[in-house]
Amino acid sequence: MENSDKKTITRRLSSAAGHLKGIERMVEDDSYCIDIIRQIQAVQAALGKVSAMLLDNHLHTCVTTAIQGDDPLERERMLQEVTSVFEMSSKI
Amino acid sequence: MENSDKKTITRRLSSAAGHLKGIERMVEDDSYCIDIIRQIQAVQAALGKVSAMLLDNHLHTCVTTAIQGDDPLERERMLQEVTSVFEMSSKI
Amino acid sequence: MENSDKKTITRRLSSAAGHLKGIERMVEDDSYCIDIIRQIQAVQAALGKVSAMLLDNHLHTCVTTAIQGDDPLERERMLQEVTSVFEMSSKI
Amino acid sequence: MENSDKKTITRRLSSAAGHLKGIERMVEDDSYCIDIIRQIQAVQAALGKVSAMLLDNHLHTCVTTAIQGDDPLERERMLQEVTSVFEMSSKI
């Protein structure tokens, strides 16, 4: 992964972890449940964007290399993995 | 798309449409709301599987052709589309 | 359910079923896979809205009656069902 | 919220935050993108369960109190909020 992408992604993950720490304090302080749920949903959505960035990167690197390469099994594995994370993404 | 895949996919879409017709009757017959919601969720999940089958097919055909081809813009467009449907799939 | 809600919901379900029939034809006509996936995602999103309308109705009728009623088991069952469709909705 | 529920929920949020920290290191260590995406999806699913626990708690406390209470506006607000987080949960 390019360094700039890596930085963006780690920064977003770190920010999501910080967000969760804040939500933990909301629970301890007896904040209103619906507000807490909305904050959790915001973190889930932010993580969805990070996954999309990772997939974009993966398609441009490993998947492209595999498809241009000579190993049909490797190519097949790559494509199946993409379908599998796609399928999972609709389940969470 | 291969004919066998096409058949499987149209059959599943047709079955989902039939399922919705049944759910329509449940609403008309005043069925219990939670039961209706669960049936709708079953249709949504079934449609998610059809999308995964279509994506799998797309990766093995158009995307593979584009990545092995000579047009960098076409390749880029293909990869962005995959990321875009992935991102959308986590939003529904 | 009030008749106007019932009509809105059956009309939306019918429209989603019609949309799926159109998608079936797209598959038969070899439409572009990504376009088909996007149409399927649109149907899934439309069904999510129908579920939200049904839940809204359910909360205002059965759940309200149960919570104002004298049967603690019935009340508990109602609340658990709401949580259960909520949990499921994040899995599809 | 009861203290035992509060503890369970803060512990799960804390564990999700720790999980994200681990995922951050995976990115720094150039782990395989698909593995990272799967870990992120696991965190999203874990957060979905926390939201369901919070909703369950909310229904048994605030919503029950409002529905048994005398303020129709407050009751309406509560029910709309539940529908709203339900609708959002299918969008992430």
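Order of writing sets the chain letters: A, B, C and D. Residues in each chain are counted from 1.
Note that in this section a contact is a pair of C-beta atoms (placed from the backbone, for glycine too) under 8 Å apart; a residue touches a chain by one contact, two chains touch by 3 or more.
Source: prediction; values computed, not measured.
S.K.: Suppose chain centres are the mean of their C-alpha atoms. Which chain sits farthest from subunit D?
M.R.: Checked the centroid distances; the maximum from subunit D is B.
S.K.: Of the chain pairs B-C and B-D, which one is connected by the greater count of C-beta contacts?
M.R.: Pair with the higher count of C-beta contacts: B-C.
S.K.: Rounded to the nearest whole Å, what is the centre-to-centre distance of subunit B and subunit D, using the mean of the C-alpha atoms as each centre?
M.R.: Whole-Å distance between the two chain centres: 27.
S.K.: Taking each chain's centre as its mean C-alpha position, how far apart are subunit C and subunit D in Å?
M.R.: Here subunit C and subunit D have centroids separated by 21 Å.
S.K.: If you average the CA atoms of subunit B and of subunit C, how far apart do the two points sit, in angstrom?
M.R.: Inter-chain centre distance comes to 17 Å.
S.K.: Out of subunit B, which residues touch more than one other chain, so two or more?
M.R.: 45, 48, 51, 55, 82, 85, 89-92
S.K.: Using the definition of touching given at the top, classify the network of chains in this structure as line, ring, star, complete or other.
M.R.: complete
S.K.: What residues of subunit C sit close enough to touch subunit B in their complex?
M.R.: Listed in rising order, the residues are 1, 6, 9-10, 13-14, 16-18, 20-21, 23-24, 27-28, 30, 32-34, 36-38, 40-41, 43-45, 47-48, 50-51, 54-55, 57-58, 61-62, 81-82, 85, 88-89, 91-92.
S.K.: For a test of understanding, state which residues of subunit A touch subunit B in their complex under the given definition.
M.R.: Those in contact with subunit B are residues 45, 48-49, 51-52, 55-56, 59-60, 63-64, 67-68, 75, 79-80, 82-83, 85-87, 89-92.
S.K.: Taking the complex as given, what residues does subunit D use to touch subunit B?
M.R.: Residues 90-92.
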